[in-house]
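Okay, so subunit A shows up in both of these, paired with subunit B first and subunit C after.
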Partner chain A sequence: MAHSVHICVCCGGGIFTTTVVTEEIENLLKSKKIPYVISPHKITEIPNLTEADIIVATGKTSSTNKNGAPVLIGLPMFTGIGKEEFGQLLLDTIAKVSSD
Partner chain B sequence: MGESQMKTNERLVLLNQRFENPAEVISRLAGMAKEEGLVEELFVVKLLEREIEYPTGLPMPVPLAIPHISDGCCEPFVSIATLAEPVLFKNMDRSGENIPAKIVFLFGILDPKNQLSVLRRFARAFANGDDVGRLVAAKSPAALLRELDGILEGMLDISW
Partner chain C sequence: MNFLQQLADVFKIFLDTFGVTVLVPIVIFILSVSIGVAAKKALRAAVFMAIGLTAFNIILGILWGQLDGVMVAISANVGKTFDVVDIGWPAAAAIVYSNSLGMLYFIIGLAFNLFLYFIKVTDTFQPTDIWNNYYFVVWGIMVQFLTGSFALALSACFFMNMFMLLVADFLAPALQEYYGYQGLTNTCNCTTNISILAGAIRWLFKKLNIRELHWEPTKIQDRLGFFGEPAMIGIIMGTVMGIIAYVNALNVLATWSKILNFALTLAAMLVIYPTVSGMFVKGLIPVSQAMNARMRSGKTKRKIFNIGIDPAVYFGETATLTSGLLLIPILVLTAVILPGNRTIPMADIPAMPFMAIGAVAVFKGNILNTVLTGTIWYSAVHYMVSDTAELFTQMALKAGTTLEAGQTFINSWCVAAQPPLYVIMKCFSADGSLRYVLITVCVAAYVLALWHFKTHRKQWFMFFGASEEYVDQYLNAATTKNA
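And then the complex of A and B:
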């Protein structure tokens, strides 16, 4: 991979859910030895997240950033329900944005 | 910097209450926190606004809701209500799905990085239907807090 994938994690308040989801994603990427940069945000900040390769939001949103980064719904990383599937989707998405 | 505990006490716990809607639950729980000097009025206003735009219902084994915000919060705390009849919160995934919450955890959070352990433990507990079921079944605020402190492995600051 040419550079670390930059993931922006966003929830309504940018605090509780984001904090837990961020930690879960870090654990996953560390275990897969994928270089990453990750940062917490609010959903309202999404249009301005120009640095993001991938956006993980806890809830549905029609927003994306100027580069059209993929937006994934990351609530499974908080609830644990559908966590495996989300993890695979995230890894697939990282592979895709890295090859573009 | 060490991780801080999260404040709560028996005056921040309501058992088996009836509410019509999320705004009623949030106003009451946030109002109790205000009486304890943990939040300013801004907290109540912002939290009510937030629940409309970014709802906090979670489809856990025991459905629940976790309204939380940092605006107007003076000290990290959690206040809790168990509900006699489920109150319909919207799903946090913004799908519009109704979540019939049986228990509501209302959080004031200052610096999430400083509270990662306690937030992480809460998230793990929410996914455990048995843990949340014991809280819902608690017969007194003191019993609920004992149970919760056990689940969170001592991360609550109850004596203040």
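And then the complex of A and C:
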């Protein structure tokens, strides 16, 4: 995979939960040796994020991306409950996105 | 208290010598390591925190200078004085944690929260969300400025912390029922306090038999979606405020340069904040995570317990976002119209959905009622922001922000938007012996509410919006879990 996957992490203020979830995702992707770019955003930006391959929102949202990037709910990365399952879901989504 | 006073004095000497940018990360590093975070991880976090703090002091000075001129011009045009610039909650957090009481409360507050949780005064485990302590610590620092007493300020912090936890307990079932996050509650004053008024309005509507009108949120959200993005909010609000400021000179080309530059500055502020604050926050994450891990690994025998969480997880829900976005123009308008008010929400405009969360949970997503409650509650807040601006500005100057002092003041609209804490602050800093009478009244009211809550949980949960079925399930699950 030459192209690195761009993940946009979003929460209300783009600050606290975003920073925690970003660190968790970075740890996961580093351990799997997947090249990535990751950036903090706010949930209100979701529809118009053009650079995103995958969007991870830290809380529930019904927002969708206009370019069709999948929106995952990354709360497990914040609370630690269901973290493994979410990690797997994220890896599967990355595999799917990069094969397209 | 004496020991704490001495500790505060030692802090002050270090603070004066090294400055906050050095001292804050050191305190955080020591705290992290002492609760079991690996030294490397703690060091990295502390360094990022220092970087965030440095970056904040640089950008804040520049941005304030830009916002300042427009506020002065608006004042001249509207014929009122708007001399309080809203610099936003991320900046307020950096300022509060740069104060010696703010720093100390990290450690004392953590111990205090654990203590309250274990003696079962509260069912909320707060150490997972110590980041949001600044919402009440800021009022404690104001008590210190007004009275000169560290002990009073610290007592005020303790009291406000207990008050916040009580509201978090009240609201937990309603939040869980509406947003669907089991086992979590919110421990941030900026989102929970409004639920008190929301509960009262809901109760009143029921008494008067007023039928609830429902607005369909998704349609509104689709229409508002584009304008809800921070960059667009900044450009639009900046242009509107710029036009109001320079309305007499719109035929001059240079005026439009001023207006558009102001709009871009506001947009830049709203977009840059998350990145800078994100660095600052990195310092606090290891503590929060270590507490979270400890909480999950321990076999708890508690019947009912909820984990305090940052409100960001509730923000993106449709009714919440929509109510927040609808409140933006309403509250800017009330700020301009209301006599005697000296501020207009600016940097905290994108935070409005946060401030709607407590009401959304109580009203189960009814946007109309949420907006109505928000309009009443937060219009009153304009006055509190105006009233506390001088104190907040003193705090910022002490925290190392360099400002062209004299012309205008600063405050964070969202952080000051806490009517109950405003009242508590006033009681703790009242003159002479009246102070002790008022403090006694506060404490008595708290004890009474706590006792009543412990004996009539169901009523309180339902007052705060949870349905009877859900409360039964909530209380029952608690007993079977323990069996």
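Going forward, the second predicted complex is superposed on the first by the 99 of 100 C-alpha atoms of A that agree within 3 Å, B and C clash if a C-alpha of one lies under 4 Å from a C-alpha of the other, contacts with A are read in each partner's own complex, and residues count from 1 in each chain.
In the analysis below, contacts are C-beta pairs under 8 Å (C-beta built on N, C-alpha and C of every residue); 3 or more make two chains touch, one makes a residue touch a chain.
All figures in this text were calculated on a predicted structure; none of them were measured in a lab.
Per the definitions stated earlier, placing subunit B and subunit C onto a shared subunit A by superposition produces a clash between them. By the touch criterion defined above, A:Ser63 reaches subunit C but does not reach subunit B. Touch criterion met: A:Cys11 reaches subunit B and subunit C at once.
After overlaying the two complexes on the shared chain, residue contacts for A:His41 are found with subunit C alone; subunit B is out of touch. Number of subunit A residues touched is higher for C, counting subunit B against subunit C. In the three-chain model built by superposing on chain A, subunit B overlaps with subunit C at stretch 275-283, while the rest of 59-67, 203-211, 221-229 or 275-283 show no clash. When the two complexes are laid over each other on chain A, subunit A has residues 11-13, 15-20, 23, 40, 43, 58-61, 75, 78-81 in contact with both subunit B and subunit C.
In the complex of the two chains, the subunit A residues touching subunit B come out as 11-13, 15-20, 23, 40, 43, 58-61, 73, 75, 78-81.
Here subunit C touches subunit A in the complex through residues 89-90, 131, 179-181, 184, 218, 221, 225-226, 228-231, 273-275, 277-278, 281-282, 285, 288-289, 292-293, 296, 307, 309-318, 321, 350-351, 353-354, going by the rule given at the top. Residues 10-20, 22-23, 40-48, 57-63, 75, 78-81 of subunit A are the ones touching subunit C in the complex.
Those residues of subunit B that touch subunit A in the complex are listed here as 50, 53-56, 58-60, 66, 68-70, 91-95, 107, 109, 112-113, 115-116, 119-120, 123-124, 126-127.
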